[in-house]
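Below you'll find the structures, each written out as C-alpha cells.
Shared between the two complexes below is chain A, which pairs with chain B and chain C, respectively.
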Partner chain A sequence: MNSMIYKNKKPLLVFLVPAFAFLIVFLYYPFFQNVVNTFMRIGGLGRAAQGLNTPWYENYRRLFTDPYMHTALQNTLLLTLCTIVFQVGIALILALLVDTIRVGAQFFRTVYFFPIVISATALGLMFNLIFLYKGGMVNQLLLSLGRLPYEVKPSGKVLVQWLDWKDQAHFLFTMFMPVMWQYVGFYFVILVTGLNNISPDLFEAAALDGADGWKRTRYITLPLLRNVLCTCLVLAITGALKVFDLPWVMFGAGMPENRGWLTGTYMYDQTFNRMNVDYGSTIAVLIVVLGVVLSNVANRVFRPSDDL
Partner chain B sequence: MKKALALLLALIMVLSLGAVAWADGVTLNVVTSYGGDDGNRGNFEAAVKAYEASTGNKVNDGSATSNEEWKAKVLTDFETGSEPDVLFFFTNADAEPFISAGKVVSIEEIRAEYPDYATNMRDSMLAVASDGKQYAVPSYGYWENMFVNKTVLADCGIEVPGPDYTWDQFLADCETIKANGYTPIACSLVEVPHYWFEFLVMNNGTVANHLDIPAAADDAAGAKWVAALEDFKALYEAGYFPANTLTASDAETVEMFNQGEAAFLIDGSWKVGYFTENAADLNDFAISYVPAKGERKASEAIGGISMGYFITRKAWDDPAKREAAVEFVSQLTSDDVLSTFVTTEVTALINGAKPAGLNPLQQSAADANANITAIAGAVQDTITGEAKADLFGNIQNVVTGKMSATDAVAAAIALN
Partner chain C sequence: MNTGIKKIPRVLTYLVLSFWALTTIYPFIWVLLNSFRKKGLILSDSFSIPLGDAFTWDNYITAWQRADFKNAYFNSFLISGTVTIFVVIIAGLAAYGLVRYRFRGRDFLYSLIMAGMMFPVFSTIIPVFRLEVMLGIAGTGNRWLSLLAVILPQIAGNLCFAIIILMGFIQSVPIDLEESAYLDGCNVFQIYFYIIIPAAKSSFATVAIFAFLWSYNDLFTQSFFLRYPQERAITGLLNEISSQAGVNYGLMASSVVLVVIPVLIVYICLQKHIIKGLTAGAVKG
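Moving on, here comes the complex of A and B:
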C-alpha cells in the first residue's frame, strides 16, 4: 500500500500546489513588491507610488547613515545575544532542574509555560505597572527597603527620588527582561520534551558506574540534548529579530530619547506613524536579510550532529 | 462516536450561519475616538444602546483613544479598504486623504436622499473640505486651557491664576512650587507636548496669526515655532516638567496631577470628564488661564469644533447599510443626545445644547470660558500627520540639546 503511494506522485501535488500558491500570493509576491517599494516614493500605506526616489537607492543610502537605524540594529543584535544567553540558558537550567524532581514536574511545566499564553500587550501593560515611575511595584519595594533617597521639604512634603526604569541607564534591562521572561517557558517545554526522550537506562548505567549528578548532566544529558538545543538556539535568534509587540507597548516610539529603537519598532514607526512607507519597506528588507544571514550562521555554528 | 461529533459540529456551524442570515437589522461598523478613557465614553455607549434598541441594528464599536497612532490607523484602514461604515474623526487636514480619495459621502449628496439629514446644525459651522464640500456632521467643540490643582497651589501659598496671568508670574510660581517639593507642570514631553506647543506658539505671536504655517524656519511663522521650542527647552532645563517627562506616558503625568503631585496641566475640554470620573474631590481642581507673554493675553485660548461624523462611501453604496448609517449619525447628533455629551463646549446645534447641572469643575470651566476674549484653532491640525509626528518627536531632542529648535522646525516643514 505504502509503495503505491510513493509510486504515484500526483496526489502529493494536490496537497502541495495550493499551499505553494498561497505562499506565492501572500508571501513571495508581497516581498518582491516590498523590495520594489524600497526604490519608490510612497507617502502612505495603500497610496500609489509617486515615482522613483532620487536617487533610486536613496533609502539604502539613508539606511546606512540614519543614526536611529544604527541604534535599532545595535539594540536588536544585543537582544539576540541576550536571548541566546538568558532565554535558552535559563530554560536549559530550569529544564534540567525540573527533570531531576519526581513530584510536581507537571506543575512547574505549566507554571513556566504560562507566560506564553498571555498576550504581549497584556504583559506589556503589566510590566509597565511593575516598572512604573511613581508607585510601581519595583520602586515601592526599593522604597520599603530604604534604597531610594528622599528629601523632606520645608513644607513637610516628602520628595522621593523614584528610579526611572525607562531612562537611559535602565531601559535595556526594562525592555529585555520581560521579553526574556515571556519566552523562557517556550524553550523550557521544548528542552523538557528532549530530556524525556533520553533513555533512563543510560542514567541508571552511569549511576552504577558511580557518576554523580553533575557528571550525568555533563556526559549524558547535554550531549544527547545537543540537537534539541540547536533547534532552540536557531528559533531564539530568528525570534529575537522579530520582537516588536512587548517593547512597543512598553516603550513606544524609541523611548528613551530615541535610544530604545529595535528594528521592528523602527520599521513600524516609519511605516504607520510617519507614513514613510518606502523607508519602512527598506527596513523590512534589512530585517529579512538579517534574519536569513543570522539563521544561516546559527545553523552552521549550532548544526545538529548526525551522530546523535 | 467521531461521526456523531462531526455531524453535531457541522449542524452547529450551519445553524449559526443561518442565525446570522436570519438576524434582524444590519451590523454597522463604527469607529470613534470615544475610547476607554474618554470622558464621554459612557454617554456614547448609552447613545449606541438607544440606537440599537430603536432600530434593531447592531453596532460593531471599534472606538479607541485619539492620538497620532490612532489617526494613522484610521487613515491606513481607508487606504487598505478596511474603513468603517461610520467614522467620528477630525474634520481638518487629517481627513483630507480620505476626502480627496472620495471615500466619504458629502452632506449635500446625503441630503439629496435624506433631506432632514443634519438640519439641526448651523450650516455655517460645518467644516468645509478643500473641495468646498461639507462632509462631517459636527458633534461639539473643544477648548484647551490650563487646569490647576488648587490644593497644591494652596500648599505653596499661590493663588489660582486669573485672566491676567503673565509668563513672569508663572515662572516665579513654578520656582515656588518646585521648592515646595511639587512638580510645577504635568506634561509628558515624549508623548503629548501638543497642548503646550499651541500655547507657546501663541505666546510668541498673536491669536490673529496663530494659524500661519511656516514656509521656512526663519520666516515670521517659523520664528514663532522656533521660539516656542526654545521655551520648551527653558522650562525643561529649569526642571519644571516631571523628572521622568522624557519617559512618562500622558496617562502617568495626568494621574500625577490628579494625585496632587503637580500644579499645572494644559489639556482640553474632554479632560473634564476624566476628572469627573477619577478625581477624589472635584473641588481640588479649577480651570484657569495659560500664562501669557508678548502680545497674547492669558484670556486668549485654543478652541473650535474639530470632529464630526462621516459616512463612508462603502456604507453608502451598500443598500443594507445606507439607511442604518444615516439613522446612526442622525441619532448621535440629535439635540437630545448631544446635550448629554456637552457641558461647557460649543456646539453647532441651531437650538443649542441643554446640559444638565454642572459639577464644580464644569462650573469652573464655564466661568473661565466666560472670560475668554478670543479663540483660535489648533495650528497643529493644519499640518500633515508626517510633519506633526516629526515635530513632536523632535521636542525631546530639542530640550536635551541634541537638536536645535531651528533644525527641528525646518525638518517638520520639509515634510508638510
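Moving on, here comes the complex of A and C:
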C-alpha cells in the first residue's frame, strides 16, 4: 500500500492537524483534566480547584464505600449483561431470519433502524406515556385482556388496580427494556452486512456435503460471523456503560428509592445537582476504565483468530 | 442470499420479523394518534383512531403557543448543520491521511481515536465548560457565542466515530485509481477531492447523517450551554415542556411528534445511505 504518491509526507500535516487539534482541545485535554480533577477539591461547576483533596485519594475511597455507587454499578453491569444477551441476541436472530427472505427485506431494515434516529428525550417521554400508571398503553392493554384485577362499585364506577411499572418490583424491566429495544436495529444492520459478506460458494460446498439448515448456521454462518459479533459486543458494552438520557428522562434521580441508579445517571446527579464535581469526575473515570477492561475481556474471549 | 436456517417455515419467519417491526413502529403511531385526541380521552381509550368528537388540533396549538418552536428549530438546524459540515470535512481528511500514509506513530494515533470513542460526554464537559468560559465563549449570554459553545465540543465528540467509519470505507477504495490519477499529474489534494470523496460518497453521507442526528438529539450538551430562552434548541425545549406539562398528556404527545418529525424526514430520505455506509466501515472491526 506504500504507493509512491504517499512518499512525500508533507501533505499529511494538512490531513491530520485539524482533526487532532479539535480532539486534543475538546476531548483529550478535557479528559486528562478530568482525571486530575478527581484528586482535587472543587467547589462548583466552572470553578477552579481549591487544591488537593485530603487525603488525595479520598474520592476513590468514597467510590468503594458509597452504597448508591454499589447499586449503580450492580444495575449497570446487569444492564451490560442484558444488552449483550438480548440486544445482540435478538439482532442476530432477526439478521439470520431476514437473510433467508427476499420480499420485504429492505422494509424490515428501514423499520428496525427507526428508534435509533429518535432522540432519547422523545423516546423517554413516549415510554413514560406507554408505562403510565393510570391508563398507560401497557396497563390499558392488560386491562382489556382481563389481566388486571378490578371491581365495579355499586355506583357503576370501575375501580382498577393499575400496575405500577416503576415500583420496586418492576423498575428494572421498565428501565432496561427501552434501552435495549432502541439499539437492536443498530446491531441488526451490522450483522446483516456481515452475513452478506459471506461467500455463497461456502454454502454450496456445505450443501454438497449434506450440511443443511441448522447445521449450516451452526457450523458455517456463526463461526464466520465471529469477528462481526465481536465488534457488536464491544460496541454494546461501551454503549451500555454510557447509558444516560433514556433512564434519566424516565426515572430521574435514582427512583425508586435510590435503587434505580446507573453509573451514568449517578455521575450526572452528583456533578450537576449536588455539585460534587470532583466526585462526579471520579465516577466518569470509572466508566472509562470499566469500558476499556470489559471490551478487552470480550476481545480476548471472542476473537482468538484474525484469519477468518 | 441463503445462509442457513432453511427448515423454519416461511410463515414463521415473517411472523417473527413482523412482530419486531410492530414493536418499532406501533409506539410512534400510538403517540401520533393520541396527539390528536381530546383531553381526558387518552386515559380511558388510547387505542382507537380519534375521529369525530375525539379529534382535535388543540394539542398542537397549545404546544406551538406555549413554546417558541420556530426559534428552537432555527437554533437546532444552525447547530447541527454546522457540526455536520465540519465533522465531514475534518474527519474525511484525517481518515484519508491515516489510511494512505505509512508513518511512525500511526498506530498510536489510531488507538487514540479508538479510546476517544469510549469517553462519555460527561467526563469531558466540565473542563470544556471551564475552557470555554476562559476563552469567553460560554456563559456570556450572547446567543451566537452560546451556540458556538455547543458546536465546538459536538464536533470533537463526533469526530472519532466518523474517522473510524470513513477509514473502513477509504481502505476499500482500490489504490490503482489513485496511482493512475497521480501519473496524470494530480497532486494528493486533487486525488482526495476527485477520487476519494466520490468513491466513498455513501459513507460520507452516513457520517453526515449520524453527526446531524446525534447533534440534534444531544440533550446533555445542549442543556449545559444553552441556558437562556432565545438560545434553546429543540430537544431542550421538549425537555422543558415535559417538565411543565404535568398531566397534560396530549401536549406531551404533540410535542414529541413536533420534535421527531424533522428527524424522521431526514432519515426516510437518506436511509439507503445510512445502511450502506455504516456497515462497510463497521464490519472491518
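Odds and ends about this structure:
Operating definition for what follows: the second predicted complex is superposed on the first by the 291 of 308 C-alpha atoms of A that agree within 3 Å, B and C clash if a C-alpha of one lies under 4 Å from a C-alpha of the other, contacts with A are read in each partner's own complex, and residues count from 1 in each chain.
In the analysis below, contacts are C-beta pairs under 8 Å (C-beta built on N, C-alpha and C of every residue); 3 or more make two chains touch, one makes a residue touch a chain.
Predicted model only: the values in this text are computed from it and were never measured.
With chain A as the common reference for superposition, the partners chain B and chain C occupy clashing space. In the superposition on chain A, A:217 makes contact with chain C only, while chain B stays out of contact range. By the touch criterion defined above, A:134 lies against chain B and chain C together after alignment on the C-alpha atoms of chain A. Of the two partner chains, chain B is the only one touched by A:275; chain C is not. In the superposition on chain A, contact is made by A:45 with both chain B and chain C. Legend: residue contacts after superposition of the two complexes on their common chain; A:151 is shown touching chain B, with no touch to chain C. Applying the stated contact rule after C-alpha superposition, one finds that A:86 touches neither chain B nor chain C.
In the superposition on chain A, no contact is made by A:183 with either chain B or chain C.
In the superposed model, A:261 makes contact with neither chain B nor chain C. When the two complexes are overlaid, the chain among chain B and chain C that reaches more residues of chain A is C.
One listed stretch of chain C collides with chain B once both complexes sit on chain A; from 189-197, 225-233 or 261-269, that stretch is 225-233.
Shared contact residues of chain A with chain B and chain C: 45-46, 128, 132, 134.
Contact residues of chain A toward chain C in the complex are 1-6, 8-9, 11-12, 14-16, 18-20, 22-23, 25-31, 33-34, 37, 45-46, 48, 90, 93-94, 96-101, 104, 107-115, 117-122, 125-130, 132, 134-135, 137, 140, 181, 184-185, 189-190, 192-198, 200, 203, 212-214, 216-217, 220-221, 227-228, 230-231, 238, 241-242, 244-245, 249, 264, 267-268, 271, 277, 280-281, 284-285, 287-288, 291-292, 295.
Residues 68-69, 72-73, 75-76, 78-81, 97, 155-156, 179-182, 190-191, 243-244, 246-249, 252, 256, 261, 385-386, 389-390, 393, 396-397, 400, 402 of chain B touch chain A in their complex. Across the complex, chain A meets chain B through its residues 43-47, 128, 132-134, 151, 153-155, 157-159, 161-162, 164, 166-167, 171, 252-253, 255-258, 272-276. Chain C makes touch with chain A in their complex at residues 1-8, 10, 13-14, 16-17, 20-21, 23-25, 27-28, 30-31, 34, 42-47, 89-91, 93-94, 96-98, 100-103, 109, 112-113, 115-120, 122-131, 133, 139, 152-153, 155-157, 159-160, 163, 175, 178-179, 182, 187-189, 191, 213, 216-217, 219-220, 235, 238-239, 242, 249, 252-253, 255-256, 259-260, 263-264, 266-268, 271, 274-275, 278-280, 282-283, 285.
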